[in-house]
Amino acid sequence: MQTLRITLCAAAMTVAFAANAAEVEVLHWWTSGGEAKAAGELKKMLEAKGDKWKDFAVAGGAGENAMTALKTRVVSGNPPAAAQIKGPAIQEWGDEGVLTSLDDVAKADGWDKVLPGVVINTMKYKGHYVAAPVNVHRVNWLWVNPELLKKVGAKAPTTWDAFFKTAEALQKAGIQPVAYGGQPWQDATVFETVLLGVGGVDFYKKTLVNLDQGALKSATMVKVLETYKKIKPLTDKNSAGREWNLATSMVINGKAAMQFMGDWAKGEFLAAGKVPGKDFLCVAAPGTANAYTFNIDSFAMFKLSNKDAEKGQKDLASVLVSPQFQEIFNLNKGSIPVRLGADMSKFDECGKQSAKDFAADSKSGTLVPSFAHGMAVHSATQGAIYDVVSQFWNDDNMTAKAAAEKLAVAAKTM
Amino acid sequence: MPKFWRGVVYSALLLAALYYLLPLYVMVITSVKTMDQIRAGNLLSFPTSISFDAWSKAWSSACTGVECGGLKPFFWNSVRMVIPAVLISTSLGALNGYILSKWRFPHSELTFALILFGVFIPFQVVLLPMAQTLGWFGIARSVTGLVFVHCVFGLASTTLFFRNYYVGIPDELIKAARLDGAGFWRIFFRIVLPMSTPIVMVVLIWQFTQIWNDFLFGVVFSSGDSQPITVGLNNLANTSTTVKEYNVDMSAALIAALPTILVYVFAGKYFVRGLTAGAVKG
Amino acid sequence: MSSPTQPAQYGFAERWLPRLVLAPSFLLTLIFIYGFITWNGYLSFTSSRLLPSFNWAGLTQYHALFALERWWVAVKNLFIFGGLFIGGAMAIGIALAILLDQKIRAEGALRTIYLYPMALSFIVTGTAWKWMLNPGLGLEKLMHDWGFTNFTFDWLVNSDMSIYTVVIAGLWQSSGFVMALFLAGLRGIDDSIIKAAQIDGASLPRIYWKIILPALRPVFFSTLMILSHIAIKSFDLVVALTGGGPGFASDVPATFMYAMAFTRGQMGLGAASATMMLMTVAAMVVPYLYSELRRSRNA
Amino acid sequence: MGALAIKNVTKSFGDTHILKGIDIEIDSGQFLILVGPSGCGKSTLMNIIAGLEAPTTGEVHIGDRMVNNIAPKDRDIAMVFQSYALYPTMNVRQNIAFGMETRGVPKKEQEEIIARVAKMLQMDHLLDRKPSQLSGGQRQRVAMGRALARDPILFLFDEPLSNLDAKLRVEMRTEIKQLHHRLKTTIVYVTHDQIEAMTLGDKIAVMKDGVIQQFGSPQEIYEQPANLFVASFIGSPSMNFIPCHLAEQAGQIGVSLQSEGEARFVPLPNAAKLAGQVGKKVILGLRPEQFDAVENSENSLACKVHLTEPTGPDTMVLTQLNGIEICARLHPRDAKGPGETVRLKPDMTKAVVFDAETETRLA
């Protein structure tokens, strides 16, 4: 009897406690080393505000399982407080009428003043803030192991000719030139980087943003595809299905010389205790020094039925954009803060470079949304193009011309 | 049989046994190696020393996303889910099988066919409507919800198993019991159920493995604190730092598989026996 | 003479109790199977994208589906996988069952070994298979270590061959179960048939081929049904092993549907592909069910 | 008082008519046999009496009650099944007690009844065994014990002996008969075995295709079969059926029999009423024992023996009459070997005559 009473008492206390501490359930798929660390910081800061972080991590497949879980949760009328959604997908979810307005938080924290225009546009649905940005990733990076390059007397390549020449030299020296992960989104990441480098900013916008049929079938596209396919012999055949961070670790461990990957790769280098500029180099991918493919991670906030949870949700949004969080999070994640004029002093060379380029490209109009990371087009179109790119990469019998035709067809997917 | 042919038979059987054991062997030896040993050797090489660090890490401290509590919480979620789900779906299946074989009514065969077809439905089809329904019931993202889902979609196979077994029980037994004055429930509990041990074993084992191993429903109908072990394993295997810790992955996989493996090792003979007793007929 | 008809029922309890007890299961089935199938069927005629919507779109989704190369790859893969998987699992399972039926010592242990893969989730074994089939880590490396440097086994990463690795792993998982079904069937056969045939001078293989296997026809059919529905529904298997890759080279309809409906925001298209899957299943299962039930009515 | 009355009972499934209007009435203490080939509807009729199946039309009365709407358990009947239907998971004691338990018979009384039944059937030593540990005969006994414990007004036996070997079957048959004599209860007994029917029954209902062909005492059925089917079904070896035409000779109605090229007119003493039907095609029915071997007599025919089957007390002699194979039951000393000729004299006082077309008995 005594035990029962104590149990009841404890249960009552738990309930009371739960009512005070708003529980914030956050759906994400940040499960690699650097990402998980960054998410851990978010959890800490939120808990400092007296809210309870409820982890809803669904790993695997670049968020495929997570999206399924999210959809079923929304359909069941039980969405999480926030979910990792970005780019045009925010608009798609907005269309479904399930997102909640963050205008009061944005007003209180002055988001309009501290965020760049391109970011604000993405975060708003029909003029209301519905999502909070956390960072800006640059996708068009080339990660280099300088030691290996030194062996063949090469420098980090800035043009495609130099790139292939260096690669050839590396291969002769018995070094694998490129670390590669053969998953559709990684195929697409490298593809868009090559496209930007070979075709330039305008061509990128025409093809991957505006889905212009003529451009998609053009000779330039054929050249882009040919260049892209030329990378394949530079990789190992075990690359199929490999996670991106395992490819990164090949560069870290000296098993491969270079990797095309967004700046989240830096998190892996840092987590392994490597020093930028010394142990590894970050350079803009060949031919893209004056362009910037951005990928903005953000959390869209869902309408909740629970008032307490709403408080936690607002806390979360406020924390996400706060300078402290922006700094500590992005130091871990490898990206740069989304705030204008953020203090970059603690950031490394790569971060500073990225921030500088972001500001410059923003002015010159050479800032382009990353297609591979869902910043440019709807998920259906994106997926259809993924299919063609992956198929072209894996099928050695497909010609670049045929692939270009298929791209054009895929781009029509609604 | 000539000695030579017996030799051939035994070699074939042993060879097959090797094929079946290979993945398990790889998993087990990898799980007790250190990362250095894994790098130095190949997938078959025997560990130079045995270490259970990977096991304890997988159980209690490996990261699955932001949380780093290992598989332990997921394991208990699975236990809390699998026990009621197996018991409920088995009980319902037994009752349905009993009715559809021994208490037929007009169109009972059609009813059976309709229930049976459920075995064949691709589960992806039901995810979204199911989510909506669970939301209405207020049991979305809970262990209760998962139990419900597994009961609903386990019903077809448990009913099929029991019905096919009960068809083999002579109708005269039921008639005799009815003349003895026993009614629907009494016949079930006193006569039919005591005769059902073989099929109950088959269904329990079948449902246990099905539900324990399910990933799709687990990932879709649960959230952080109700995720079953398969989801935990998936998160763990996909949560990687620069080094992919194959030994931890393999230990985690073995932990996730341990209950079902044990069930098969200790109760496998009942499974085959139960199948022999008529579960596969017609 | 046993009567196949329903027994006479007296009073409210006997007449209605069975139906009442069955009713919840029947209702669940009606709503959660048939209701949802209808719901899905309806979705396939809408323009649903991210979430279900109910804007009628006619046959658009089906047109889109049939024009999509990836769908046909998935269908082709299903045929390759289904054919090899069903045929292979049958062959291996029957062979093992017959061998095990020769009064083998340690039969229990062998049986457990053959059967245990069935106990494992593919999320579990996919991890191991992926590793073993990976050219750089698994078998190929092992052979290279052993000095066979010309040995290549890169099916997992080869677009043309990756579906066959799914077959290998699928066979590994399911053939033991087929073995158990057939072993159960063999044990149910009257010994005197074999003795009679032996007296007639038939050789053992001939006895199995001509007399025992034909007697196992019902087992054969149930196994065929079980295997084909595993084949059509195989999802975990592909996801864990190849993720449908490289690219979408090892995609099957189940993974296709999942990708379209949940990852891509093409729910209508996904629903259309699910309807196609359901129709295929129905085309196979309904005649089977019909003949089964007719048989039991005439029994 | 009528113990059981079946009034115009029919049973159909869709277009299949299993029973086509059955009427039976027996008195208390009578032993009714339902006999017929498989598929004749006798088991269905039994199930309808028990209440396990419902009749499509018609009424069933047990004692003075109309029981159509009364559940089997309330009909005050007990049944012994062909497969015995012993509950496999219970031992013999529990098997017998199950029904009483259900009816709420007090524990003490249950034990008394079990002891009494066990003693009556000499199965005290089997009480703690499971059915799987019993032989076929023992199971049969337990099944009867279970029925006896009920002490009903009507016993139903559904082919209870058909799963036993020949010797045991004869023993149990006798035992059942003795039991009936002792208990004086009403019994309905289904069988396809005409010897069981003849030996056990007070009344026999011969069934075919859902119709009662004849209902009467064993003697009536044997000696005055209503039709060709009943005549052929009852009696072993079966009655001989000889096609012939009715003829009249010297004011006597009779038939012509031929054998070995010799034809002889045999008068039918009981057939005077057929006088108007001379020339009609009929079938003459003669049981094997209605032949006598004679040396030379005016109404005898010389027949060539094809085969003999000695059974000990009698010898069956197979030969031909009117081109039809017939069987005659002769004393062994009169039987001749195959190839030899024996003179057979039919006992026409017991001969029966059937209409060749309708197959019903004319005389």
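Each chain gets a letter, A, B, C and D, in the order it is written, and its residues are counted from 1.
Here is the rule we use: contacts are C-beta pairs under 8 Å (C-beta built on N, C-alpha and C of every residue); 3 or more make two chains touch, one makes a residue touch a chain.
Source: prediction; values computed, not measured.
**Student:** Applying the touch definition from the top, give me the chains sitting in contact with each of chain A and chain C.
**Tutor:** Both-contact set = B.
**Student:** Centre to centre, using CA atoms, which chain is the farthest one from chain D?
**Tutor:** A
**Student:** Measure off the straight-line distance from the CA centroid of chain C to the CA centroid of chain D, and report it in whole Å.
**Tutor:** 55
**Student:** Counting only Cα atoms for the centres, state how far chain A is from chain D in Å.
**Tutor:** 91
**Student:** Hey, how far is the Cα centre of chain B from the one of chain C, in Å?
**Tutor:** 16
**Student:** Would you mind listing the residues of chain C that make contact with two or more other chains?
**Tutor:** In chain C, residues 3, 5, 7, 9, 14, 52, 137, 258, 262 touch at least two other chains, as defined above.
**Student:** Return the residues of chain B touching two or more other chains; collapse runs of consecutive numbers into ranges.
**Tutor:** Where chain B meets two or more other chains at a single residue, that happens at 127-128, 130, 170, 172, 175, 178, 234, 237.
**Student:** Quick check on chain A: which residues sit in contact with 2+ other chains?
**Tutor:** 68, 71, 75
**Student:** Can you give me every chain pair that touches, using the contact definition above?
**Tutor:** Result of the pairwise touch check is A-B, A-C, B-C, B-D, C-D.
**Student:** Provide the residue numbers of chain B that touch chain C in the complex, in ascending order.
**Tutor:** 1, 6, 9-10, 12-13, 16-17, 19-24, 26-27, 30, 42-44, 92, 95-96, 99-100, 103-106, 108-109, 111-130, 133, 152-153, 155-156, 159, 167, 170-172, 174-175, 178, 183-184, 209, 212-216, 230, 233-234, 237, 246, 249-250, 253-254, 256-257, 260-261, 263-265, 268-269, 271-272, 275-276, 279-282
**Student:** Chain A touches which residues of chain B in the complex?
**Tutor:** Against chain A, chain B makes touches at 63-67, 127-128, 130-132, 134-136, 140-141, 219-221, 223-225, 231, 234-235, 237-244.
**Student:** Across the complex, what residues on chain A touch chain B?
**Tutor:** 25, 28, 30-33, 36, 39-40, 43, 53-60, 65, 68-69, 71-73, 75-78, 80, 243, 245-246, 248-249, 252, 268, 271-272
**Student:** Using the touch rule from the top, collect the residues of chain D that touch chain B in their complex.
**Tutor:** Per the stated touch rule, the residues are 47, 50, 52, 71-73, 77-79, 81-83, 85, 87-90, 98-99, 102-103, 146.
**Student:** Mind listing the chain C positions that touch chain A in their complex?
**Tutor:** Interface residues on chain C, with respect to chain A: 49-52, 64, 69-70, 130, 134-137, 154, 156-157, 159, 162, 239, 242-243, 245-249, 258-260, 262-266.
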